[in-house]
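For reference, the structures are reproduced in the following blocks.
Same chain, two partners: chain A is paired with chain B first, then with chain C.
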Partner chain A sequence: MSVVPNMPKSWREETKPHKFCPGCGHGLVLKALGEAIDELAIQEKVVFGCDIGCSLLSWDFFNCDSVQTHHGRTTPVVTGVKRARPDRICIAYMGDGGGYAIGAQHLVNAAARNERITAILVNNCNYGMTGGQMAPTTLPGMKTQTSPYGRDTDSMGYPTQGPEMVAAIAREGAYVARGTVANVRQLKRYIKSALQNQIDGNGFSFVEALSGCPTNWSTNAQKTWEFIEKEMPQYFKVGEIKTPGKKGE
Partner chain B sequence: MLEKPIGGEKRVFMTGNEVVAWAALAAEADIMYGYPITPQNEVMHYWTRLAPKYGRSFLQTEDEISAGFTTCGGVLSGKRAFTATAGPGNILMQESMTMAEMMRIPTVLVVQQRGGPSTATVIYSQQEVTMTCFGGNGEGLRIVYSTCSHQELYDYTIKAFNVAWKYRFPVFVLGDGYQAKMRESLKMYDPATKGIKMVETQPSLGLAGVPGVDREPSHLRNTYNTEEELCEVVTNLVKEYNKVVPEVVEYETFETEVAEIVLLGHGIVTRAAQAAVKTLREQGIKVGHFRPITIHPFAADELRAICKHAKKLIVIESAQGQFERIVKEAIYGESVPMESYFKPGQGVTGEEIVEYVKKGL
Partner chain C sequence: MTTNAYKMKQVETTKSVFTIFTGLCKGCGLCIEKCPTKTLHWSDTLGVYGTPSVEPKENDNCTACGMCALVCPDCAIVIERKK
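Entry: the complex of A and B
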């Protein structure tokens, strides 16, 4: 007898087990998202857009209408949907490269316009799908395929503080938070608040999720977890950064 | 809220950009996404003034990449969405247009060609032919109308929406800066009075019912895992496209039946070519003119038929051989001699064509 583990109702059972690497954080983020969708009872209304990179593997993840876009272009596709169909709950799902590098102008301007969409960005400090190159979020000194001697902050700068950047641009009504797969309950709460913010029509909502990439980090389970829990929060502070009716810190 | 932008038929005198905005309104376009670039700006200027009166929407995006992709999003939502651009903006929109080709997203893009390469001029050219027809990492599965007048800008903007939604390939209206900025008279009309029914739109996302319960979810992809899988997908796309070709291909001929010299030109250059044919015929010189309206796909068979009796072809364009390449591919193997008259980024007059033809006699 096979035992199917508990899955969010909005997940699509036929496409499970999912295609992410063992130990990848995407599954946890998508679980938090699935449960948030269930609890808000919005499955019917969700339009889910996913970026290119590891996040593209989520294209058939949910029992929700979903579209794969191009690298960095999920924010505009989902914006286009929301502008044409304001009655839908539109989610843009992307990685740190898609959101902070190639698609940064879209993220910044969607925030500036207070687009009524929810962007969820998975931060794992590197470009995963392409084989572990340096990303905007790579930590100082961290070795990647394109920073083999470690990220040199003198020539390559410091990690992008995405939510802080979005919060600085977004207007009143926006919701901005950073969660982590090391605290899934909190992450789910943030994602749920972000979706609720869209439902309420307040403004742009954005959640970054700190996540792990054992494949490209070349770390075992213990080292992966230590990195997420101890190293990443040194640069990426977990918490709500901007909530409607409450000024950012 | 006003209902119909144009009742019956109306003679007007306006710029081409204004014409495009009115045509999109008449075609029941729901939303325009756009980013400023000369010489298409006034499409947005008129649209933003007119659209709210008819319950239509507009979004000014952060760049043309976004304008193209938001247009894809609007179309996927089941709305008649369109955008307009030129030059460097056209380059940036190619990315989203390849997504439209791959995923059969019926986008409409109006291109008002400006000079190139690079920033070049904001005025005029026919240098966006290759890019508009083939500008992606794919097979050019799109339909491109090269218009020559304000009347055609009106007619083919309306048609672009219908052809896009009927066949689900991205459709381009290829104008230019002259057409965009000049004023000219034309007849605007309510498509219904001409028996034109707007093709119904269908959403691909945001369908009714609970996915996985009432219906299957709509899962749209453009990424494939294996060479075999992709080859099959693209082969089928090409097959579908080739089926559409005979239904959409359009061209015009002027006195080509007994012509010894045939002038080939598209877009606004056709008007100079038509004028030259008239003058030269009056002087007893047997000249004709062939003009593709769909520059892609191209009326290759029809041009081949002309090649059988013509003694010389002259390709005339405001670019350095972009149109000529399309012609050469279309008539590959024909033995008729071919000459070219290229003026990249500059207009062509009937007089200079007459002069060129007579010099070669």
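Entry: the complex of A and C
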């Protein structure tokens, strides 16, 4: 019997196995994105932008036009592509460090201008690629390379609520949601809705995905799922936050 | 369209044909944790990084639910339900 791997059609098979660590959530987010691209039949139109950070390991991930940008600058690069070629479906793919720290101004202003692009942000509670430093999304008390005694909320504040921030800034027509790799089917639905929102020309669309970084968390599979399913949702609420035509859930 | 012929191994269970593409499996174990019937285990067959891959062991238990395939970040598992 000849069986082939069940990869999304839009994945570029010759670059698989992909470059992410064993158990990395990026693979699951990109699986959900790949299936969403397939189901919407938009592969030929997609321009995929990835950031610095582990997201850049996806520079050759899809059989789609792809561009890799400077840290935090994926949103404006992809915005430029969309303005020059409004017929393209433009996706900015980034990490939490890229989107909420060094690229926060770009995310905020793209949302404020209601740019017709789709931003997808992988929240793994740390700067993964550089070895696990504290990020804006690091949980209170969570130990990282740069918060060895745990994040102290007195001096370092609380985790950034990205989608809530974007939803507060974005105008009517925007789509904002937070999914999780613990529910890939739901995550795919959110990403599909975000892309559909761009196709319909409604406005900005943004999906944050709660995701695992077993390498820097130093977690085995059981502890990785536990952190994603039990710890992260205490600060990050999963669901649709803003949809065109109606106010959040 | 398949351009890569990944190394693979098949295990027949009572209700499913379980295919593990060892050429894709990185041995992360996410699938083992999510198998609702606890029938997935580490295999003696190594994956792409030389770490154990996975296979179902209590053959009657696999329900062909496909959860393991769904949560694999590397698309290393294919589950076919037997008729």
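To be clear about the criterion, the second predicted complex is superposed on the first by the 244 of 249 C-alpha atoms of A that agree within 3 Å, B and C clash if a C-alpha of one lies under 4 Å from a C-alpha of the other, contacts with A are read in each partner's own complex, and residues count from 1 in each chain.
Just so we're on the same page, a residue touches a chain if its C-beta (ideal position, glycine included) is under 8 Å from a C-beta of that chain, and two chains touch if they have at least 3 such contacts.
Here the structure is a predicted model, which means the values were calculated and not measured.
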Could you tell me whether chain B and chain C fit or clash when both sit on chain A in the superposition? fit
In the superposed arrangement, which partner chain does A:Arg83 touch: chain B (first), chain C (second), both, or neither? first
Which chain, chain B or chain C, is in touch with more residues of chain A? B
Which holds for A:Cys24: it touches chain B only (first), chain C only (second), both, or neither? second
Look at A:Arg73 in the shared chain and tell me whether it touches chain B only, chain C only, both, or neither; answer first, second, both or neither. first
So in the superposed three-chain picture, is A:Gly95 touching just chain B, just chain C, both, or none of them (first/second/both/neither)? neither
Classify the contacts of A:Gly173 with the two partner chains as first (chain B alone), second (chain C alone), both, or neither. neither
Superposed model, angle subtended at chain A by chain C and chain B (C-alpha, nearest 10 degrees): 130
Touch check for A:Asp60: first (chain B), second (chain C), both, or neither? first
On the combined arrangement from the superposition, state the nearest Cα-Cα distance between chain B and chain C in Å. 10
Touching chain A in the complex: which residues of chain C? 1-4, 6, 8, 10, 17, 19, 21, 23-24, 26-30, 32-34, 48-49, 51, 69-71, 73-76, 78, 80
List of chain A residues in touch with chain B within their complex: 10, 12, 43-45, 47, 49, 52, 56, 59-60, 62-70, 73, 75-85, 87-88, 105-106, 108-109
For the complex, which residues does chain B have touching chain A? 30-31, 33, 57, 59, 61-63, 65-66, 69-74, 76-79, 81, 95-96, 99, 103, 203-207, 209-213, 217-223
Complex contact set, residues of chain A against chain C: 1, 3-7, 11, 13-14, 16-18, 20-28, 31, 184-185, 214, 220-222, 224-225
